[in-house]
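Letters A, B, C, D, E and F mark the chains as written, and numbering starts fresh at 1 in each.
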Amino acid sequence: MKLLLLNPNTSTPVTQLMTEVGQRAAAPGTELIPCTAPRGVPYIATRTEAQIGGAIVLEMLAEQHRKVDAAIIAAFGDPGLFAARETFDIPVIGLAEAAMLSACMAGRRFAIVTFAQALGPWYEECVRDHGLRERCASIRMLDTPFQAISDVGGEKEDVLVELAQRTIIEDEADVLIFAGAPLSGLAERVADRIPVPVVDQVVAAVKQAEAVVALRLRKATAGTFRRPAAKPTIGLADALAARLERRDS
Amino acid sequence: MKLLLLNPNTSTPVTQLMTEVGQRAAAPGTELIPCTAPRGVPYIATRTEAQIGGAIVLEMLAEQHRKVDAAIIAAFGDPGLFAARETFDIPVIGLAEAAMLSACMAGRRFAIVTFAQALGPWYEECVRDHGLRERCASIRMLDTPFQAISDVGGEKEDVLVELAQRTIIEDEADVLIFAGAPLSGLAERVADRIPVPVVDQVVAAVKQAEAVVALRLRKATAGTFRRPAAKPTIGLADALAARLERRDS
Amino acid sequence: MKLLLLNPNTSTPVTQLMTEVGQRAAAPGTELIPCTAPRGVPYIATRTEAQIGGAIVLEMLAEQHRKVDAAIIAAFGDPGLFAARETFDIPVIGLAEAAMLSACMAGRRFAIVTFAQALGPWYEECVRDHGLRERCASIRMLDTPFQAISDVGGEKEDVLVELAQRTIIEDEADVLIFAGAPLSGLAERVADRIPVPVVDQVVAAVKQAEAVVALRLRKATAGTFRRPAAKPTIGLADALAARLERRDS
Amino acid sequence: MKLLLLNPNTSTPVTQLMTEVGQRAAAPGTELIPCTAPRGVPYIATRTEAQIGGAIVLEMLAEQHRKVDAAIIAAFGDPGLFAARETFDIPVIGLAEAAMLSACMAGRRFAIVTFAQALGPWYEECVRDHGLRERCASIRMLDTPFQAISDVGGEKEDVLVELAQRTIIEDEADVLIFAGAPLSGLAERVADRIPVPVVDQVVAAVKQAEAVVALRLRKATAGTFRRPAAKPTIGLADALAARLERRDS
Amino acid sequence: MKLLLLNPNTSTPVTQLMTEVGQRAAAPGTELIPCTAPRGVPYIATRTEAQIGGAIVLEMLAEQHRKVDAAIIAAFGDPGLFAARETFDIPVIGLAEAAMLSACMAGRRFAIVTFAQALGPWYEECVRDHGLRERCASIRMLDTPFQAISDVGGEKEDVLVELAQRTIIEDEADVLIFAGAPLSGLAERVADRIPVPVVDQVVAAVKQAEAVVALRLRKATAGTFRRPAAKPTIGLADALAARLERRDS
Amino acid sequence: MKLLLLNPNTSTPVTQLMTEVGQRAAAPGTELIPCTAPRGVPYIATRTEAQIGGAIVLEMLAEQHRKVDAAIIAAFGDPGLFAARETFDIPVIGLAEAAMLSACMAGRRFAIVTFAQALGPWYEECVRDHGLRERCASIRMLDTPFQAISDVGGEKEDVLVELAQRTIIEDEADVLIFAGAPLSGLAERVADRIPVPVVDQVVAAVKQAEAVVALRLRKATAGTFRRPAAKPTIGLADALAARLERRDS
């Protein structure tokens, strides 16, 4: 099984980090195909960047979707997820979606802990978009600057653990998610310092993608996720234009 | 006062229609500056097209925002609205937002009636994104094909009125909104055949933009709509890249 | 356009304050017709006072409604609003309604800040009655007594600003509303000390009334805001009795 | 124990009907003190009439509250209930409140069936005001005119039973409430024709009033139902003015 | 009228305490029939204990239901309540249900105060299961160990009162419920030290059971609380098996 | 990896069916350990049977939990799930939970279709207990009797497909779940006759159990799913008593 690990950010080291964490957790026979956004920003953190990044996700998927069995949109916040699920025939899973749904199986309310203030509003909208507000205890963010996006998980490890510990008590959370692509792999390193289950977003995404492939779900031809009818386009990236105009099949 | 009437679709005749309807309703001294998407699709109708169209809205605003006092994103569904509100300093109003908030002042529940099945899921997400589900009685769509997008309001006038009449009874709506840019101006023509107030989306947007300008609201420097910090970008349209990198101020 | 600025309280100086603030923001050609409750209390602050004040609003409107194009119920809390909207043919707008709906266009969540503890529960019910709980970050009240109701905005200006500043941070609000008729005009004076947009309730009400008149919304003859059927009455104020018995048309 | 059966409508025969039904269900030692509105309308059915009727309830309670142990506001829709609970020291129970809370103990969702279209929107707001939407399966109304308000329960008995039967199936209700003061006593006559428990609103109100008195609940001096501070009034009914100005204690 | 006071816990002294408190509040002619779980745990405090205790409730009711007019499941949290209501013909009332619904008649939001941390999550699910989250201000628990379950109300009286006082202020509660069977009777002793109405759970349950009996509600033969069809069983307690197999009628 | 496939019903053929379907979908190295309830009913369908069955689940898990890496409660409705998750150290997954969370990744709203009217209310409460009402389009049931529980999927195949097809259109569902243990394997047989993705409950449960094991989630020692403190018990099954009294570790 080939899984596209699609990083909608331009940070290749973060793609690499996620690929390593994800490949370790993959079943035998599952191969992660990493893919980094050729344009955009180093790490999506705002509604604006998610709006742009989600459109870039669609361009990337239009190029890659025939080569894989399923795709992971590997940014917590899931930019472009619902659009991708509508337009492409393969299963597409979001990093946040996979982490949150997995967390639901380990408790009633999960808390989300991340490394930058700017991410809070976007993550909050993500929780709402997935209809999971009732299952989310809180979203907490560090409020100090970091040095390099690709190593923020290492640099901030101790304060993230402390914030997680405080969050669990104060917000009555049953499960913890370290959110944000650069925090991939952190769960494994610090799980024994945190008194509730900790869900790793990339591990969750890989396992959920495997699960969805195993379920052999067909592409909808009814409902709100059927493929949209062909429509003319102007000025869009070639592969995406072909997909929207249905010149690709 | 100059208001940018930003059509995120590529249909110039629809831009023209909206400009005429909007200018008629504008206060003395309000000038509508029409602007049609240079790329994208003729009319946005799906999550995918909204994802792409919202990114194009940001590109257009990055070019235009200094020339006007406020902007209207003139597609029902409000692609890119929250991102635009975050990134630019001028007030930005959505067509759906303006119509729905205006409708709230004329009853408890509004119904949304539109011309194509494909629009339903996107509009439903729009209602939810604005936190107005409790105020929305229903969304109803015609289910037959139409000839030309720019004249769908004329072609389907009678069946739209019939659908509106049925919706009001069956879904217990107090107010009606004909949704979708090509239906601009329809309210005025058919209001006397419909037994509840009918809100014209473009008139609502122009009046709400005037209201917001009159309120002289400052750009937030706190809260979730403060302008994001500068961030490097790759491969984005020039003006938008400058705005995100804060090279423009 | 004539707008009735209907103060359901008996404080003439507050009516005057609101008229000045509102008239300054009105479009050319808009004339505010002030009108102060001939009976009731100096300022409505509880469910009981709102119950009584709302009935007085109906008496006042029964006297005045034919003289104006629309009416503003000029007390935050909107006493009698839904009843008035049902019974009269002109548009009727609430001060809280106008402020909250306007605030929705400037952020996701607004905070309400007011000058007296007693107002909290009533305002909370008002937010709920408008179906806007999801958009309201919090309601905060000063807890110290004030000297004169008509000058509470001046007397408490600094502490209100401090409370607003704290609320924005602690409750994660994107927009601020100073609520309570006597605080009209405060927004303009202190906007530059508050890091998010501040909505003035009277300015919002005037502009929303203008918007609704511009939309030329017909009186409903279906839905839950159609005019009730004639009904005999005993012991009600003359004009109101005539309206309810349909002897007035 | 003396219970004020306060009819906010002017129909003495309906007061009499409710008194008979209620007294039959009362515990030994419970005496119902009937009291009919001296002004208002024969039967409250709209938001407007509820706004006015609720203010009249306060006038009536100001006259009567010292003579009884508790009061029932005997109109389904509970006009003035929350205001009365705030301002007076005795327990005050609403007819709708008592019926709905009692119904909650007999199933998950209750249906409300009543005799006139006009009552629907008011009842819907009543359900919402009590925070019980999740427990309400539906509200259904007859749509044909009736002859005399005091005998509508007899005149429409068969069609009300048929509507109830249909409602239970179609709306998946576990419990049924015949709502509207003139339908008092109907439950007893038709219970065996209806396949779910039927709650009589007056019986429920009397038993709930007895329950609340037995609980010996003190008047709040904190929270949102503490008695409001004294306030000057102009032009209100004498006893009510005295209560609000705190000249009565 | 005979009311089964069914304690699903094995603590006979607690059964005795509740019987005394309840009998004092009962109407003339109401007799409480106490009944203590023959197996289970001394006091149910977790989801697991509620799962088991609820099944034991069904066994106990299968033995006792023909001897009484109604039954009270006398543990706050209401283990087995909805199952019992479905399977037996007599009315069955929960201690939490009765307390919360009674509290609704004395304010908008009630707070729940109890003696042990472990009870919090179970009570929270109980509030949700009754659809009353909107009416619940908060659930607060003591966090220190106690000596004997049957006297925890005496031992912790002062700290419970202090916690209640703090809760009312901090969580803006209008009514207070001391929850947990061993706290029965506490309300009466401390009501004058608490500034809002305090509902005693056992008094509420007895009065609500009397109310429901007075309403003479029939057993549903439709809706979701009709008695389930006969089904074969293996290895269940005799009387319960007979009830489920419909060998008992 | 060993997964306990715990059937809380007494129907061995259904256990066998689920084991076959589940084992086919399992990853290499995953072994399903089937286990059928030694007491209870052939198939749980009501609140009462779920209350009893959930307690039996705990007895079964107390016997088996040390032998496996995770457990599946293999009845749609998830009897005893939250209790089991609290009391045992291994991950425990519900059949309904796994199916619904998996369905969330294939659309916005899933519909649940099952074979018997009696199951509806229980499933509805299950959806609510998981906080997924917003994601559930509807629950639909056949209304004709069936012959043998273990073959109901074969007997009713065509009418279930027809009901699914109708449900998708009428209730606007994006995904379909055939619910009820005896329908395991049906998805695979009929997927090509249904225009949206169909989730098989057993396949989903096996894959989700594998995912959760791969996430290596620790047992909580904080939050609401930490193991309860030791408590004395009377008359419970030996192994369960030992677990609750903490004599087992």
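Convention: a contact is a pair of C-beta atoms (placed from the backbone, for glycine too) under 8 Å apart; a residue touches a chain by one contact, two chains touch by 3 or more.
In UniProt terms, the chains line up like this: A, B, C, D, E, F = Hydantoin racemase.
These figures come from a predicted structure and were not determined experimentally.
When the CA atoms of chain C are superposed on chain D, the rotation angle comes to 180 degrees (nearest 5). The interface in C-D, D-E or E-F that matches A-F, meaning over half of the contact pairs are the same by residue number, belongs to D-E.
Mean C-alpha positions place chain A and chain B at a centre distance of 29 Å. As a whole-number value, the distance joining the C-alpha centres of chain A and chain D reads 53 Å. If each chain is reduced to the centroid of its CA atoms, chain D and chain F end up 45 Å from each other.
For chain D, residues that reach two or more other chains under the stated contact definition are 82, 108, 121, 224. Remark: chain D residues 25, 27-28, 82, 85, 91, 93, 97-98, 101-102, 104-108, 130-132, 134-135, 168-169, 172-175, 188, 191-192, 195-200, 203-204, 207-208, 210-212, 214-226 touch chain E in the complex. The touching residues of chain A, when paired with chain B in their complex, are 10, 38-42, 45-52, 54-55, 58, 80, 82-84, 86-87, 118, 120-121, 125, 224, 228-229, 231-236, 240, 244.
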